[in-house]
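Pasting the structures here.
Note that subunit A is present in both complexes that follow, paired respectively with subunit B and with subunit C.
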Partner chain A sequence: MTKLKFYLIILLIMALIFGYGSFFYPHSAARPEGISLQRPSKEHFLGTDDLGTDIFAQLSKGFFISVFIGITTAIIAMFLGGSIGMVSGYVGGKTDFLISFVINLFLSLPQLPVMIVVGAFFGQSIGNVIAIIALFSWAAIAKVVRAKTLQIKRNTYLHLAKSYGASFFYLFRKHLFTEVFPLLLINSLTVVGRAILQEASLAFLGLSDPLTRSWGLIINKAMSFTGIYYTDYWQWWLLPPVTCLVLTIYCLRMIAREAENLIIGAD
Partner chain B sequence: MAKNIIAFLMLSIMLILAACSPSQENVASDQFNLSTLKLAGGTDWGAPNPYLHDPRGPGTAKMKLIFDSLLEADEEGDIAWLAKDWQIEGNVYTFTLYENARFHDGQPLTTADVAFTIDYYKQFPPVTNYLDVDGESIVERYEVVDDQTIKLIVSEPMATTLVKLGSFVILPKHIWENVSDPYNYNEAEAFIGSGPYKFGSYEPATGSYEFLANGDYHGPKPVTERLLFVPVSDPLLAFDNGEIDLTDVPIDAMEKYKNNPAIGMIAKENDMGYKLLVNMESFSQFKDVKMRKALYHALNREAIVEKVFRGSGTVGSAGYVPPTNYFYNENVLKYDYDPTAAAAVFADQKIAVELLISNTADDVKVAELIKNDLNNVGIEIQVLSVDTKVRDEKVLAGEYEFAVVGNGGWGRTPDYLRTLYSSKSKFTGSNPHFMGPLGYDNELITELAESQLLELDFERRKEILQELQYEISKEVPIVVLATKTTYVMFKKDYYDGWVKTYDYQQLEQNRLSYVEKK
Partner chain C sequence: MIINNWNKTAYHTWRKNKQLLSRFIIFLCSFLVIYLFNFFVPRLMPGDPFAHNTAQSGQDMHGLSAEELLRLKAYYGLDKPVREQFINTVKGNLKLDFGQSILYKKSVIEVIMSRLPWTVYIMLSTLLISLFMGLFLALLGIGKPKLDSYILKIMSLLAEIPAFLIGVLLLFLFAAKVSWLPLAGNLTPFYRHTGVLEYLFDVFRHSLLPITALVLNMMPNFYFTARTSLQTILRKEYVFNAHAKGLAEKIIHYKYILLNALFPILARFFLSVGTCIGGTMLIENVFAYPGLGKVLRDAVMYRDYILIQGVFLLSTTVVLFSSFISDVINLYLQKDKLR
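The block that comes next holds the complex of A and B.
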């Protein structure tokens, strides 16, 4: 079994477990249904938080919220970064200069502080969190795609196709996109993991919708319970979301790395 | 050579470790009992002067460490502070100042400063305006008898007149007479007062404050050379590490400390409370008392006590004043959790509301429980969570639909019923005790709330306040959610001079906690 498959299987297992927690598990992730701070039991697999809400149900919902945020952000970043990078590389000239300047500007900004300011300005909602993270994720993709486009542009077959009257869309569909896509995919995969982590950071800092069940917010709530370290509660309230977050990010990173190896190897 | 390098490295590591380890630098200084007393900071409560501090308790308390008032309060009653003596004859309150009272810049504090302050506050009301009742100064005029004696003549004696006259802080005339815009005046001189502590430093970004003992103080000696409010990530860990000397004890960590003979603990019973405000200007259907009572029935307030306060508190009294308050009326109407009855009232009304809260952990938890309860009875809730100051500003400006507000001071003599419920007095100050029901007026409640203030007979005043609570419980213009009992702990062998006043339980906000006791 390749490493890629191994990490994919781990993610799949997590998806199955949390899928059960989201759709078949008898407890709600939103409503307190139990006694506060119950230990893990058959009734509540990972116990309850201070309001009596089931933690496994929250984790399960949090998985899909995190994955949704990660994938949506990656798609937006992939679309934005891919198209801007290709236009910049293909058109060249002043357009390239201007786009490159904007790309470098976004890459040089310290992301988290700016995200905090923008997040505080726009308000707390999942949509805003996705928009903010996407805003800071496209530039890295665009830079890589631009470089690849410049490289492809120098190929003689492209010049030949152009001399035969191939339109931009034909060149884009037949040559540019097909060659850039694997690179785009790998970079977008890394965005998924980073977006999940950034959402968790923003949520932890209180810049996400305070009543959603993202992992960052579960961690935030557990840690704002004063004296949690002097009790046993951290074992079932804090440890599981942190473990899930680390495991998911790690798997996504490894998948991106293995995919890169696979594609570079194939090249 | 190698040995020397190893020895040098070992020594360096030991020195670094020694520097990093939490230390009680806190031994007695030459002049004061302690060199440093540290409390948890981290929140910006404004610059500590009468015009720049935050209106909430911690902001006022910091300002009052620097700026003195004529009187103070201990656990028994009012005590001398800047005034060594006071007499009341009808409308005339005569105060005699200590001869050796001085401002921090060495200038003597005289009755000219007191008189100037009264006039100045009429022109430029401070953040906490003790002299104001319903937008008017209670001091009709004054007579300066000599440098130490001043007569303050009030238009009408009230139950709280002495407390009010004793509480306003005195400005140095020689500084402020040249200041035409006190709200933007933050020069070094703006922090010169006559209190037991001098201004050291203030860092708004980190919520850090430093106060320095006033060695020339005319009154009780400051206990510590430096009083610090320092930012900490986890107050309990900071307390254990010796980074702070006093902190709240969470109920779940109580076991660990309560049998420790070195730890002192003091309860602040039901002094912190939460209420749900309904903007009846925007939602006029709540002008119908049936709707407001249905809100009470819809909310499982016991769950707030059990889950958010971890059982340490009481379900809110519909008459507002908590059961542990001396003025509490046990006959106020009570409203049980009855979601079926509430749902019947709200059925088919399709009410959708934005619930404004502050982003503190307790507020978010309270909001979560409210949201679930109200959803269950057919009210849609969208939660808007903002910074505490923004929430307070929005509530004072009436920019909310429903709002959760938590604040301390519920254990005080409940003149706050006047500033909350009287149509004349509500929204005349910036403190949460002025955040009353918007779009709601009631003649009887206003009359009772105002008349208790004018009643000088203590027992009769108590009766009026109890009658007022009963009327409030019938009308329920505000949904009183719950009151919370908190516990603070401190290391007895280091410092145990923490005291409440007879009227206020927040001992860390009491300046008597920071001076030597008789």
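The block that comes next holds the complex of A and C.
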């Protein structure tokens, strides 16, 4: 529990710092304001990039973009994975066989090449990126949910409720959903971190939305500035987004793991 | 009794074969889905490459006339019905003809073949080094709970840091400072190597950082698998028996424990190809290493759809096949457990 709080507090601190950066900080994340390639100063906390845009403002906005992408993807994947997994586990038979096959198919596909190809053909917008990542995240959730539903289905109290004439929706509301939900939530929590990472990977390759300044895109822009290898600009241009990305992903992963332990302990 | 035993074995063989067949069917279906996806996505997507003006800035721009359009469509076989196009594509692909790359002005298979060895080199060395390092670290922890918990903590930390970010950090922390570590590429450009040894050293020098970044990310997976399978085996009776017999510690470690732990690790090896291919593609772009990942990215950047399809088909097929092998290995393991 204390560990869980620790990681949550780290995330909260990041949110506060970047909240200041995107709402009260006097510089814009999109417009060049000032001379290009300035060192960190009181005026610009992390200096400016080659176009003169403030890096700290970009970093702050990038946090909310990343978190937005992560959470939206997770919610879509949660709905898709949860409903498909529950239907598959509950209905059984041929439907289950077919759905399981699709789940296994999605799990065995290499994600990055498919994401690159879909992104290349359907255009690079933030909506597409979210849709693609969600399309690849539901399968893992569905697999877990399906297994749990199968396990619940074997319980005698479910048979009893059914023999009393309980409808599917009643069973779903009273038994299935309440038992599956914690598992669903934790698995969706892992999706948040993974989605942030995948968006960053795509953005790093320059294949995400070029108008949305996520952390991956800042890294991409910094790396494509040739002077970065010979000067020490990387210390405030490249290092902060990389560190923030690693820290966020790590915190989210640890929160998911701690929450999982919590639930296993409760069982 | 003998008949009974035979029946049991026959049942297991039958069951194993049935599961093997179902895995194989899943593999074939997955391949089919990927193949159809690869064929239909460019045909379903909005837009038309012929409508796209390919003139570069500074050149006189003019659209294609109706005749030119028809000629081009006939040239690429796009005037035929979709079914015929599909059959032609399959026929071509069976002859290893994946079309012409627009970017490199060469056939796709030529481009892939010239870059594939570098990707295979990076991936194979990453997986092998990760396997041995992971196994070694897991063996190191046997019987030393304190050391084991330290290694476990470090590995769980490492597992969460994506390879391409490690790559970026390594690039700026080491490559920019250490003079003999190059920033990018696979070989020193325009340099004539005097001997095989010097050539090999050049290859090694250039691949050191990409491989290190990938290994740091892949190694934990192998470590976790090795650790769990070692711990299950350590609790087995035959290990206890070996200790009781008074066998030397070394023999027990290598002959009894290691050999039995090898199969799950091998399964993990083939399963890791899928995760490794994504990591390799990213890391190749960090270090500008001329492998398939770099080709794929360049192809996307220059809208070279034919090349994208070729690389995509190849990489997904490799991953599907290796995860099929991993499934088969796991199946044999399960059979052993059933007995």
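Quick note on the criterion: the second predicted complex is superposed on the first by the 265 of 267 C-alpha atoms of A that agree within 3 Å, B and C clash if a C-alpha of one lies under 4 Å from a C-alpha of the other, contacts with A are read in each partner's own complex, and residues count from 1 in each chain.
Keep in mind that, in the parts below, contacts are C-beta pairs under 8 Å (C-beta built on N, C-alpha and C of every residue); 3 or more make two chains touch, one makes a residue touch a chain.
Not measured: the values here are computed from a predicted model.
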Three-chain arrangement built on subunit A, subunit B and subunit C clash or fit: clash
First, second, both or neither for A:229, with subunit B first and subunit C second: both
First, second, both or neither for A:211, with subunit B first and subunit C second: first
Contacts of A:5 with subunit B and subunit C, given as first, second, both or neither: neither
Greater residue coverage of subunit A in the superposed arrangement, subunit B or subunit C: C
Overlap of subunit C and subunit B interfaces on subunit A (superposed complexes): 206, 229
For the subunit C and subunit A complex, residues of the former touching the latter: 26, 29-30, 33-34, 38, 41-42, 45, 157, 160-162, 164-165, 168-169, 172, 176, 183, 274, 277-278, 281-282, 285-286, 296-297, 300-301, 303, 305, 308-309, 311-312, 315-316, 319-320, 323
Residues of subunit A that touch subunit C when the two form their complex: 101, 104-105, 108-114, 116-122, 197, 200-201, 204-207, 219, 223, 229, 234, 238-239, 242, 245-246, 249-250, 253-254
Contact set on subunit A toward subunit B in their complex: 30-32, 36-37, 50-52, 123-124, 206, 209-211, 221, 224-227, 229-231, 233
Subunit B - residues contacting subunit A, complex: 234-237, 248-250, 252-253, 256, 303, 306-308, 310, 359, 361, 364-365, 367-369, 371-372, 383-385
